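One chain, chain A, appears in both complexes that follow, with chain B as partner in the first and chain C in the second.
Coming up: the complex of A and B.
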């Protein structure tokens, strides 16, 4: 006999406003039906009524955990439509900021995952301490704490402050220590291991056919990262690996984030070392000139949650059409496949391991 | 000291009433029960505050600071808030069961506290089978949770009620096997007898560490403490069987939570840590101190671990706790009895 329960949109662990209609047989999940759209604001339509550079603030609100990455993806799309190059120093600055944002986002993931598995917010508080320091560093670099709007065409609004490198290095070694601590703390906890190993298996074939993105894809053993596959900025000049796990389960999805945190730290260190002097400031669109009419560009970027693709049809005044392929949306679509047959308690840890941001799903 | 005061109050009353002994006994029990309820409430209150502060410390927060010095009055403020709220009975709830569920639970829990001895003299009754009676009554708690959970007509509460019964069958047997080992070791079922047996030899935590581990884990599960708080698993079941309780009943449920914690730490202190034995301080103080330290450990466990899953608890109960408890029984028999 199966019971149909309604979870959300207001529920302690639905990551914002997600509604799930779940059929359970006792404690076993038979079917999950996500109902989305509670945070739909029609951004894709909205940008059609705005000038090009009025849009980045809207883009940032698509992912409130890692706003800068969406900002950058959009500005890169406009740059592609204009056909301009980003200044070399600005490429490094952007890369450093993006990777810091990735660190902040993945730290958030660790806390949310433990929360979904029933911990009393302890991990959440710990990672927020670290995340706060990352945000402070980003604030130093951009002047804002949460929604940065730091990207300009061909560069950034603010170059890094003079003591940024030193502060950043200090923070990175602190983070490295803390990440090691978290890893020891979690992986030596038998309950955590029991709750993650072998739970929510998504095989490589299924991952491919469902089209999941980012860390979820890489946790299924498929080595695909936009930063390596279609390198942008100076990623190909820097030293880093694509983190791949072959476990396909919750543990692999947790582990991949830990590995990516380490890789990001490595990337930032390398970038700080290799960063050239010079000008990093971007220009106004008025100085560059309007993009051509009906030029179609697609830009794909590796966000902390996976591959985001922006498709834009340009117009001299404003974007004629913008379509966003959201990584969270495709990952949420795989939820039913992953969670079917698992325990009700694991449904939430699986959702935590997918690292959903509902604003990104609903757009 | 306190037992003397109670005794003198009761004997004064007996003088007034020209004592029929049944009436005398009834009044004495009543006064004792009120006293125990006060002790329980104070313990529950302090425990609630310490829990908040300690968890906050572990999480690098401040915890309550605003109401009273160091936020000591925060729980009182919460209580006032909850009491002033409306109690909403859902349409498809069983009104009677919904109402008596928490009350019954509080009654059973306080009754069990009442049955425990607090010092050689401060005890309601020295039952010869006190140990067995306590553990019979403890098995009632999940059943009351089951009733209360089903009575609300909420689906989350339903799942919580089912889990409650599943948990009951997973740890009740290891618990009773450890209790059997304790009885075997001390040669008595009376709890004060067990305490004096520990005073004569060693604390039972030293004599049967395996038994203690099993007992501690099962008591955590019994009292719904994390990582076994599956019945009110907030990340999945919102508040489990408490989902549809609101206002004063929710306050009552929280109070029961802390009372159960008091009960569990008292039982552990009495059975494994030599009860009230200790130098200098009066027996009651020693017992409460020991109980409190045990309760602190459960707070640390609560703050740091993730929740277990229901089928894993069953597996833990049957593949680890039961064999370990039997091993403990055999070891106790071979080493100390035979």
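Coming up: the complex of A and C.
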């Protein structure tokens, strides 16, 4: 006998507007069907009516937890279509900002994951304090706190302020200490361990065939990170490892984020040391000539939630077609497979471990 | 393709070139770090594709997106329900024939 339960569209654990139709037998999940599309705004169609550099603000709203990453992925696509080289200092500035964004996003993940497991708001408040400091630093660097729109063709809108390096280093050592604390708190917490270890197992084989992205893929033991596989900017010159876990469960997915937080800190430190002086400002929009008609470019970027691929067919005035491969979309598509056979209560910790942003799923 | 180690489907999408429609498959060989793009030209008025779900389960949602947004029929599979939006099959929204000013509301909820 199975019972059908409707969860959402608005539910405290659904990370946005998402409706789940769950078939349960007793407490065991038999089938989950995510109903998406509540936040579908047709961004891919919308950009066809806008000029190239009018689009970054739309891209940022795709993922409001890590807006800068989408902004950068889009601008990099336009740069590829136009054949523009990014200035060397600007490459470092972008990299530092992207990694700060990744830290902010992963900290948010930790809070949201604990919320989903019923450890209401303790962790959430702790990580928000730290995330806020990262956002403040990004505000110093870009002038905005939430939606930065800091990328210009060939560079950035604002160079880093003179005291940025010092402030950033201070923040990084503070964060490093805090991440260690979080890890100790969580991994000594029996509730957290019970609800993550061995829950939501996704084998390497299935992860590949379901096409999951980013941390979820790496938590299943597949070492694929766009930053290493197809290095962009100065990632090649800097020291970092790809975080890989072989646990395949919720715990491995949490662990990947902790490891990536540490790697990001390492990357930023290294980048700050090696960053050259010079000009980082991007060109004004009027200076750019139109790209050729029907030129096809594909650009991949490692966002905090996984790989985003932008496929653009160009036109002289505006994108002819922009197709966005959203990491959350593929990860949510795999939810049914991961949650089958688990307890209903664990469905939410699994969703938390996938780190979904619904705006990114629906586009 | 899968026999050659291309076992990861990155994305399926389509482009409307005005008179022709093109479906694009992005495949990846993770072990050897190679990417491959397959472009398939479709009939504009009677676009269809065979399903790739038996080879790549990841194709599920992408194929449904193609059905809704480009009006591409996927053979040998049933669209279980709407994925993103309710469109009545006339003028699929991501095709260039879609008119921005037209009122497409059909009275369906």
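We take it that the second predicted complex is superposed on the first by the 362 of 363 C-alpha atoms of A that agree within 3 Å, B and C clash if a C-alpha of one lies under 4 Å from a C-alpha of the other, contacts with A are read in each partner's own complex, and residues count from 1 in each chain.
Heads up, the rule we're going with is that a residue touches a chain if its C-beta (ideal position, glycine included) is under 8 Å from a C-beta of that chain, and two chains touch if they have at least 3 such contacts.
All values derive from a computational prediction rather than experimental measurement.
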(request) Specify the outcome, clash or fit, for chain B and chain C once both structures are aligned onto chain A. (result) fit
(message) Taking the superposition on A as described, I'd like to know which of chain B and chain C A:298 touches: first, second, both or neither.
(response) second
(request) Go through the superposed model and pick first if A:341 touches only chain B, second if only chain C, both, or neither. (result) neither
(request) Give me the angle at the C-alpha centre of chain A between the C-alpha centres of chain B and chain C, rounded to the nearest 10 degrees. (result) 110
(message) Just checking: does A:40 make contact with chain B only, chain C only, both, or neither of them? Give me first, second, both or neither.
(response) second
(request) Using the touch definition from the top, say if A:231 reaches chain B (first), chain C (second), both or neither. (result) neither
(message) Under the stated touch criterion, which partner chain does A:189 make contact with: chain B (first), chain C (second), both, or neither?
(response) first
(request) Mind working out whether A:208 is in touch with chain B, chain C, both or neither, as first, second, both or neither? (result) second
(message) By the touch definition at the top of the document, which applies to A:83: first (chain B), second (chain C), both, or neither?
(response) neither
(message) Output check: A:329 vs chain B and chain C. Expected answer is one of first, second, both, neither. What do you get?
(response) second
(request) Quote the smallest CA-to-CA distance from chain B to chain C in the superposed model, rounded to whole Å. (result) 24
(request) Once the two structures are superposed, pull the chain A residues common to the chain B and chain C interfaces. (result) none
(request) Spell out the residues on chain C that touch chain A in their complex, using ranges where they run on. (result) 7-11, 13, 15-17, 24, 26, 30, 33, 37, 56-58, 60-61, 80-85, 93-94, 98, 100
(request) Write out the stretch or stretches of chain B touching chain A in their complex. (result) 55, 58-61, 155-156, 158-159, 162-163, 226-227, 229-230, 233-236, 238, 302-312
(message) For a test of understanding, state which residues of chain A touch chain B in their complex under the given definition.
(response) 3, 5, 11-13, 24, 26-27, 114-122, 124-126, 129, 189, 191-192, 194-195, 343-348
(request) Using the touch rule from the top, collect the residues of chain A that touch chain C in their complex. (result) 33, 35-37, 40, 42, 44-45, 49, 208-211, 222, 224, 229-230, 294, 298, 307, 309, 311, 313, 320-321, 323, 325, 329-330, 333, 337, 362
